[in-house]
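In the two complexes that follow, chain A is the common piece, with chain B as its partner first and chain C second.
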Partner chain A sequence: MSTETPTDRAEILAVRGARKSYGQVQALESVSLSVGAGEFVTLLGPSGSGKTTLLKAIAGFEDIDEGTIRLGGEDITDAPPGRRNIGMVFQNYALFPHMTVAQNIAFPLEMRGVSRAEIARRVEDALTLVELGGYGARLPRELSGGQQQRVALARATVFSPRLLLLDEPFSALDRKLRENMQVELRRLQQRLGLTTVFVTHDQEEALLLSDRIAVMSNGRIEQLGSPDAIYDNPANYFVAGFVGEANLVRARVEGSGAGQSLRLATGEALAAELPPGFEAGRELQLVLRPERIRWLDQAGDASNSFAAVVVEHLYLGQDSKYRVRLESGLELVLRRQSLGTDRPRRPGQTAFVGWQASDMRIVP
Partner chain B sequence: MTRRGRQPLARRAASVTFHAFCGLIFLFLLLPLIVVVPISFSDSTYLQFPPPRYSLRWYREFLGDPNWLDAAWRSLKIGVTTGVMATALGTLISISLVRGSYPGKSALEQFVMAPIALPSIVYSVAAYKLFSTFQLVGSWQGIALAHTIHALPLVVLVVGSSLRTIDVSTELAAQGLGASWITAVRRITLPQIRPALVSAAFIAFISSFDELVIAMFLGGINVTLPKKMFDSIMYEIDPTIAAVSVLQIALVVIVLLVIGRLGTGVRPTA
Partner chain C sequence: MSTIALPFKARSNEGRQQRFYLLLAAPGFLLLAVLFAFPLFDLMRLSVENGSLSHYHQVLFGEVYVLVFANTVKIAIVVTLLCAVLGYPVAHFLATAPRWWALFGLLCVVLPFWTSLLVRTYAWMILLGNNGIINRLLVGSGLVERPLPLMHNELGVTIGMVHVLLPYFVFPVYAVMARVDRTLLSAAEGLGAPPWQILRRIYLPLTFPGVVAGCTLVFILALGFFITPALLGGGKVMMLALLIEQQVSQMLNWGLASALCMVLVAAILLSYWAMKQSARRGTA
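After this line comes the complex of A and B, so read on.
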């Protein structure tokens, strides 16, 4: 699985060995990233993970100490922001409050010396594209948050930049509006074939929008891959815990060859499918997604089955979340569809829970 | 019921007392104006209140006296120069202080603010000593220069606080969209703080226009309007001084109206 470079697309953005420190703090530790034409790549991570620093370095608002950034084959490591031909949507949109919507969108064209008639035409087209036709004469403060967002998007794309950067653009919007804007952004991005780098700390947003996700922490890219690869095969403990929900349990390898199994820190022995090269006694982390655990009618209906007590039930509408406690005291979280075929389970009830060996993932 | 009724009553009594007190203070402050305006329209040769008869005699006196006009013109020239220079310089300093981060920044800030803390007389003596080596004493340019430095803290306060309220990312966005830094400042940052720039310029103008101490030290025979008024009180007291005062007050009121209309004070813009 080669996720380092997008194989089927021409490379547009190439970051190589980018390093940046603020005094003692390493903001970026030798980060490399390659983005293909028309690709939507998300930098996902908690605050302080370096995702925003990387975005700013690409935009030119932050110098890197080491490494190179190339855009369309051209070295832009030391180019000023305005020379990079990159469109950026800021977290708070950064619309010019003293200019009308049309003047805002015209600004990058003006800076490029585009003729007046051409500017008028392209601004009109851009407004139509973001469904704000007729709003050109308004001031930004006269628009709603979602409309301001669209203006920012129009301004960042009207000059056909080689790359679009988005810095947590949806964080200020309420949930419903955010979902609408996410879908709209994705449609617009695909329609215009915009190569996009998107920054967010919201893993659901990242899974929904991206062609590929770069999960970042402590200035490093922990894993780079498609959303399903990140979710189904997390590369390490951090990624497993940060993207999606997971039961993370410490375990130790027992036995050797085909008879290998895992023993949890709490004592349970598990049937597992281990990749070759795991010798007995090795410590590792077990990743078990809540939706992979099932209720069993009786012990032994899955390769791993345990008696458990229901501790908590959280009703989430479409889904229900349960917390169960095994006899050893180990607590696991299950997620089942509310309308599924399961009998309802209440706190205090005993039940059997289980999963197949193939449902588990192992990370260092 | 009684408790309910009593509290607003106590509060109302406090409110009435407070407003009466404030009213008295305002009256006390405005009383000189109430006296000086009628005197300026007096027909008498002496400062007499109430005036026996009314006329425009002392306004004519002022407008017909080349010494007065000369002083007024000089003050206007110095005031405008100060307003323009202090605003230009103070805005650059504000941008540096608000946007920049470099060693010695807080020291620079203290230094720029120093003229506020320094007594005028100390500042004037120091300026006199310094300017005399550059042949700047006795010229209107020298006074304008000293007034400019003296007005810098006011400009930096007004412009700096306004600059802090505007979003720095708009300036970055402009640069990302293809503007140079200079263009971004000119097209994006300065228009957003224009009310503060207008206020700063006029406040600097006023601070210069009615300044006396520096002008006394540095003016020599180049007498400014406040200096001429001071001399007039000392040597030849007659109601011309009242007429000049009224004209000066009128000018300041007009300037304040302009600020109220186009500019902002130190309060941040919403």
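After this line comes the complex of A and C, so read on.
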């Protein structure tokens, strides 16, 4: 289910058993991660999950207590940041305010002793690539947030680094601009074939951009996999709750063999497809995505169906979100397309809701 | 961006901005007008006594006066450069050291700053004199046969002035350094810049306004310095302020003293303007 190594790509970055603690606080607990050539991997997690520490350790701004980091086969665990040949985009862009856009982009090339003519050519190319041709003579403060972002991206990629790191680069942008920049970043990354590690706390952003996502919490990688694997088959309770919306319900296994079913803590009996090896009486968590629950015309139209009262309706434009209460008092959230064939439901109305056994996921 | 934290600039800006502040500043202005501007105009009047420019002619073309003026500027430049070289790392330490170290360092800079100038100058005399601590140690340990001439010369004056003026350089530079975004230095490092390139290409340009402000303060104060050169120079090092005092108290030549004062004021205004220009260019 969760793949630790990308099978079809040559390995570029390999983090093995990285540990880091600040006094009593464990920032990283034996983290291992492998990133393939041209791959876009996102470190997703809440603040304090260790994602930024891991990124800084890869960049060389943070030493790890244990473990190794290899880049392109070379051990860089103890190499200074400037020797790692890694491009990084900082959260606040970190553009040099006293240098023009062109001087900013030229900086890493100058530090590498590239010839003047070659620098001019590559800076020009980089500016064109991020659609900022003609902006070379401007100062960073004369640019908008989105433009500064692109300059930072150009500066971090102009010297053809082995790896591109991005630390929550879109958090300062407004929603519309953020969506544009996300698409642009993905295009640029694929066009240049850049191996990329991206840090964010925004799960939508992670799902949109990534080849694979590493969901992190408390200094550990909870799950590593493709966006759809993470969303459809969360490895545990934390991942299910953090990535996407989910109805998380406590349940217990009843019966044995082919006749196994689940009993919710609130009393409902559910038809479920349980993997083998679950004995009766075992406690677990059910994950039910809001879009998996449907309105039913009558009870029994799905393998699990219940009578419910609509408690709340939230109109979100293309979707509508409903909160319904079952007879036992259990509340569930449904998400339905506004343009669907459903007739509108109002708070206070009664309705039947249901889902198939295969719509549910079980996590420890 | 290119604001230099000089007190007189801030004051005049506030005064212009709002009437309320103007009102608050009025007593200060009045005090300055009575105690500073008026005597200054009086000095100007004295310097052109009887409508003659003879004093200025003497000051600007008399060999002695030109020599003293050149010597004053030379000492001021040396002191400013030494303050910059010594003070820049100190300011950096104060701006970046862990909390308690920074506090301790700040105390080390501020404590002498709060101590009387006279006391500090006498302290240097105790250290540097022929019978002073340093020479007794050197002679006693057999490193030198005779006491080194550390005082009553330009060396002593320079040492004393650098010590007194160092905080004036450190504070404005520290203020600018504390505001520099540290991720810029990390970014430069990550882009492959070695430490000296980070200093030359990033840190120095970003802290340049502070350096200019500090140099301006030190240079201007050094031009008109009196007590330290008087005591540590022992009458053998002539600077402009000493010459003025001599003209007033020994020669009773108020006219010439006033003309020297005017030249000093002009030199200060000129250096202030020049440094402001360079600060503007440096951060453009």
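Brief remarks on what is shown
Keep this in mind: the second predicted complex is superposed on the first by the 362 of 364 C-alpha atoms of A that agree within 3 Å, B and C clash if a C-alpha of one lies under 4 Å from a C-alpha of the other, contacts with A are read in each partner's own complex, and residues count from 1 in each chain.
By definition in this document, a contact is a pair of C-beta atoms (placed from the backbone, for glycine too) under 8 Å apart; a residue touches a chain by one contact, two chains touch by 3 or more.
Given the structure is predicted, the values throughout are model-derived calculations rather than measurements.
Bringing the complexes onto one copy of chain A puts chain B in a clash with chain C.
Of the two partner chains, both chain B and chain C are touched by A:107. Looking at the shared chain after the overlay, A:40 reaches neither chain B nor chain C.
When the two complexes are overlaid on their common chain A, residue A:238 makes contact with neither chain B nor chain C. Contacts of A:295 after superposition: neither chain B nor chain C is touched. In the superposition on chain A, contact of A:94 is made with both chain B and chain C. The residues of chain A shared by its contacts with chain B and with chain C are 59-61, 80-84, 86-88, 90, 92, 94, 96-98, 107-108, 111-112, 155, 159. Residue ranges of chain C in contact with chain A, taken from their complex: 181, 183-184, 186-194, 197, 201-202, 205-206, 283. Those residues of chain A that touch chain B in the complex are listed here as 59-61, 80-84, 86-88, 90-92, 94-98, 107-108, 111-112, 155-156, 159. Every residue of chain B that touches chain A in the complex is listed here, in rising order: 167, 169-170, 172-180, 183, 187-188, 191-192.
Of all the residues in chain A, the ones that touch chain C in their complex are 59-61, 80-88, 90, 92, 94, 96-98, 107-108, 111-112, 155, 159.
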